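Just below is one structure, and these are the notes that go with it.
Labels run A, B, C and D following the written order; every chain starts at residue 1.
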Amino acid sequence: MALNRRLTAVWPWRLLIAALIATAPIQPAWTGETPAVDMKSDSCGDTTGLPKGVKPWWPSRYGADDQIGTLNEITPAVVLNAVRLVKTGNVVDLGRILDEDTPKFPGRYWHQTVDVSAPYTNLRRSDTVGQGWGKNQINWITEIQVGTFQVGTQLDSIGHIQIGDRFYNGWRDRDVVEEWGLNHFGMESVPPIITRGVLIDIAAYKGMQRLKPGYVISLADVRGALAKENVSVHAGDAVLFHTGWGGLWDRDNKTFLSGEPGPGMEVVRWLYAHRIALTGADTWSYGPVPGEDLDRPFLVPQTMYVKLGLFGLENLATEGLAKRKVYEFLFALTHHKTRGSTAAIIAPAAVY
Amino acid sequence: MALNRRLTAVWPWRLLIAALIATAPIQPAWTGETPAVDMKSDSCGDTTGLPKGVKPWWPSRYGADDQIGTLNEITPAVVLNAVRLVKTGNVVDLGRILDEDTPKFPGRYWHQTVDVSAPYTNLRRSDTVGQGWGKNQINWITEIQVGTFQVGTQLDSIGHIQIGDRFYNGWRDRDVVEEWGLNHFGMESVPPIITRGVLIDIAAYKGMQRLKPGYVISLADVRGALAKENVSVHAGDAVLFHTGWGGLWDRDNKTFLSGEPGPGMEVVRWLYAHRIALTGADTWSYGPVPGEDLDRPFLVPQTMYVKLGLFGLENLATEGLAKRKVYEFLFALTHHKTRGSTAAIIAPAAVY
Amino acid sequence: MALNRRLTAVWPWRLLIAALIATAPIQPAWTGETPAVDMKSDSCGDTTGLPKGVKPWWPSRYGADDQIGTLNEITPAVVLNAVRLVKTGNVVDLGRILDEDTPKFPGRYWHQTVDVSAPYTNLRRSDTVGQGWGKNQINWITEIQVGTFQVGTQLDSIGHIQIGDRFYNGWRDRDVVEEWGLNHFGMESVPPIITRGVLIDIAAYKGMQRLKPGYVISLADVRGALAKENVSVHAGDAVLFHTGWGGLWDRDNKTFLSGEPGPGMEVVRWLYAHRIALTGADTWSYGPVPGEDLDRPFLVPQTMYVKLGLFGLENLATEGLAKRKVYEFLFALTHHKTRGSTAAIIAPAAVY
Amino acid sequence: MALNRRLTAVWPWRLLIAALIATAPIQPAWTGETPAVDMKSDSCGDTTGLPKGVKPWWPSRYGADDQIGTLNEITPAVVLNAVRLVKTGNVVDLGRILDEDTPKFPGRYWHQTVDVSAPYTNLRRSDTVGQGWGKNQINWITEIQVGTFQVGTQLDSIGHIQIGDRFYNGWRDRDVVEEWGLNHFGMESVPPIITRGVLIDIAAYKGMQRLKPGYVISLADVRGALAKENVSVHAGDAVLFHTGWGGLWDRDNKTFLSGEPGPGMEVVRWLYAHRIALTGADTWSYGPVPGEDLDRPFLVPQTMYVKLGLFGLENLATEGLAKRKVYEFLFALTHHKTRGSTAAIIAPAAVY
């Protein structure tokens, strides 16, 4: 596949991302194995085929070649401030357990099957003694997993959504799609995320166990809740919303998937203006469903990913933080780096 | 499946893990959605069928009901000390990218295929305008992934290996195996790991680019390297070994998989005595291959997982830390909580 | 895998099946690529561990080394007689369409996802002209399928079921199980089946649209229905039962899977005595559910596969034949030869 | 998915295919569960976007609504003539065994893993006696299979290939692509195939063990070989070519996949003019590779599927017939009817 992966791309490959980042206005915190890419594409010079009234949204705030969007905001200084928030050393798991029964968006699935063949095949090895391989009688068990990503608690790649056939920074399907996934914006391009986390408990602010489906979280809600919590947001933050909707997970999956409350467009623009790094909620998507504009489905994540390069998290288990009234914490998210994936199955941690 | 999952288990189910942990000698740091289990089993009272010379290794140091082994050592105090190690805010990614070509143990595989059907099916919606769904012309791309776990950079569950048909704490295959995975020791039972990390650069200590396959890292090596690095290990640490073997990854996969250097039994016992929480290396397994005792294959991880409950990490990208001579750091590992899995595909981060 | 496949087997491998069959009392009709196996096993000499009151059922009627059971009955003469039954040249499809929504036994699943990446990747080839690869603008579409076998209209391997850990001819799990499937009794060992087919319409005989779940088809029913149809059974036949239960397929899947009518033990022994080659029905398993003996679940297929080596078919679309009152026909079943599988997804044809 | 499947299609659904076929000039032989579709599409009226010099190839010879192309030629009379060819009752298997090691086109794969969990979970049932469920101690083994279709011996759907984004009868990707496969031309729409088979042994005619890669089988070759075999082709036939290339299968997979001999465009047009129903060979594709026109890759199958609706078979095990000099036979192919698939894994049989 390696060969194929390279041949199907017409652009030169293998310039160091380090070189790219060196020209960016901000120096992100992370170092590691990352795909080296030259992001120049003819598509970006061509601005035809956009929806009526939509102007080119590129180049992005982080440069024409950028593919990590608002994660650029997580500088070493941001990381350093974040770790200083830890006062007790307690860790709250923000991930939900994934299995084949947990609620999933239509078309998504995940199955796992145990592989207990080794306890049989090891019995046939010539040096088997008793019940396994060798005098130590070793056996092992593995499993097969099959499914889509975009299930469970997840981190989306900004490549997951498009406007027509265009991605963040103006790239097009014809530039990016490979048989094995996306050649840009895959999870391997997304750094581990260690930053300050903020929980905005809108349910508590509104005095409700959970917000209604389609409820549009307003900027006034956000400001009011933050004031109540005595917290403010900073550049590089992970801003998480507790809507209470996650309480339906595995209790009433049908209702859970039927809609959701979420931040409206006004809030998203405000988050972007405040240069936050990523945002998430205890809902299966991000933003109200049904949305503010019925003619524009899923406009919130579409705007976030494609126009702004603002990363989103879904199905967060925010209730642990809400219950403890922990509104400020070290947010840690280290995800699998499967090449070309549009999402990762995750379980971030809040440390306070 | 939920029904099946419960019916096939004969033991009472659903005691709170909180209750169990309350009786444990140590209070781990984390809180979150965890499987509630009653760990009592008739198997543990029965000590028949063990390999010659092997005595029952249970109950474990953390109690007869424990299933997280040495991760119990990560207390809030340990977490608090770990975050205080961060001086610069730099983040080093310790994960390797996974794709179908990266090296895998025989029998393991991983494939991903892009799903770009939405750009076609959205064209047929009644409210489509132009190139996608709605006036915002939204489209999305997902993917199908299929494969085994136990691939790429990974965290093993201590349920991955057995002695004969016995697990950690004496449980047996007949108690633990479900069609969908393991009903104990699955990744959903493993907490997010935020702790102090230590890198022991044995390659540098021995003045080699990489150790030889089958090289047994001795306790003297470990002590010498630590002295050279001016670092010591503490209870709750993540102790990582740089052997240089990972330099073969994706460069010479055949040699990479043909064997590996690794810590010997003496080192493992020493790590356990020092109450470290987990250990890992830049190799595809953990421990020398071929091993110290040719009649006992993979004795190191077998002892770690089954007898000690000591967690292991594989295929770590340790070279970033080694190059920077970062030997002490905040280690963050938040992994997918797929129910019943014996491993997670991970990319931990070191923050220094 | 090839290496692994061979190493894990301790018995000598690669004697020609031709040699084995040469010693069998019957010469089956087919020739083709088949797995060459030496069927000798120490397990067969050991008769311990059988259920109370059960005596060794091996060697089979077709020899100690046989793995195709009653399919041995399909001789060239049987085939020749079968094709002579065709009078009109009409073909009735006996298979049901399989998709992710069709009814499945708990734990079984099947998913398919389209792969339309080529229309994008072909656009990036250097010799692309317009909308595809080359001047002929070629594109292609494929798909990913994942799932268990044992779904939809199916042919079971006689290796699918065991008594304890014993198979047909006394083999044990420890002899037969490989990571990739079964090293004996896999679908690759099952010949294409061209033989005489007989439909026994028990629903019509009983004057019912469909039999009740748990209804035990008796030998009297069989004899009565055959007399009414003016048909008899012969050695080598495929004997199919129409119970009407299949009318629930995709109409009321919950009821469909809740039980089923089927031939009782008396009928199975009679079919075996008449040396039929295989038998099937329009039900998800074969035999009544609940069964005749509540302490012995699925005793009918267990007896057929393990003790008798009598092959079974499930989820047949028998209504087309029943409606046309076609009771005698050429039965054609050519199935995928996936190595080591315990079943094939099929759609046999009746030609009359 | 059922809901989704219907909502994403904008055309009315559920007219009986019987009604459609009633208007076709030919009455095919088969009856059975088939997808009911209304094939009208706006795409067919629009003839824009074709490659330079290519004129609309629709409506097809079998009508604008047809989706089974040349399989329409298999009438009851054809079937009746075919069964009369059987003289000895011998059956030759034309399928090759599929496993993860058998040769596959780049991007295609297939994996199977055994599921032996039941022997463990059955031990925990309350009515278990000894080694399995119930007093009959039943256990079972299944497997998980994952992969692409388009592997092994296969039958292609005519929907597998396009010219630009156009299919047979002028349909377009935007009409046909669903997340779960193709809503037209899927394997569920392809009837079981019982017809006369003809083997044309070009290798023997040319006096070679196997033809060279890229060798273009000419019409003169075909006529010469048929004359030597004393056989002619008829409407409705399955015409199979023995090139000897299949002898490399599993012996030298690299060479096998590096190219292939095959019928040229002239032969395909001649087959179509003779109204044959389908054609196949012992090669991984059909037609010479490299092809006759280097600017037009895979022009032979593209023409067959898209323009002509002529079905193709790949990786046939033709050597059994060639060795026996069986050139005329009953050809039986009954394939899995997985909804929306572009191919089936098959093992057809020749009966002579």
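Please note the rule applied: a residue touches a chain if its C-beta (ideal position, glycine included) is under 8 Å from a C-beta of that chain, and two chains touch if they have at least 3 such contacts.
Just so it is clear, the structure is predicted and the values come from calculations on it, not from any experiment.
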{"item": "Chains touching both subunit B and subunit C", "value": "A, D"}
{"item": "Farthest chain (mean CA position) relative to subunit B", "value": "D"}
{"item": "Whole-Å gap separating subunit C and subunit D, where each centre is the average of the chain's CA atoms", "value": "22"}
{"item": "Rounded Å distance, subunit A centre to subunit D centre (Cα mean)", "value": "42"}
{"item": "Between subunit B and subunit D, centroid-to-centroid distance (C-alpha), Å", "value": "45"}
{"item": "Numbers and ranges of subunit C residues touching at least 2 other chains", "value": "1, 107, 111, 113-117, 120, 144, 146, 148, 173, 177-179"}
{"item": "Topology of the chain contact graph, where touching chains are joined (line, ring, star, complete, other)", "value": "complete"}
{"item": "Residue numbers on subunit A that touch subunit D, as the complex places them", "value": "1, 4, 106-107, 113-117, 120, 144, 146, 179"}
{"item": "Parts of subunit C lying in touch with subunit A, wherever the complex brings them together", "value": "8-10, 109, 111, 113, 115, 117-118, 120-121, 123-126, 146, 148, 173-175, 177-179"}
{"item": "Subunit C-touching residues of subunit D, taken from the complex the two chains share", "value": "1-2, 29-35, 49, 51-52, 75-81, 83-84, 86-101, 107-108, 110-116, 119, 127, 129-150, 152-153, 159-165, 173, 177-182, 188, 191-192, 194, 295-299, 302, 317, 320, 330, 332-349, 351"}
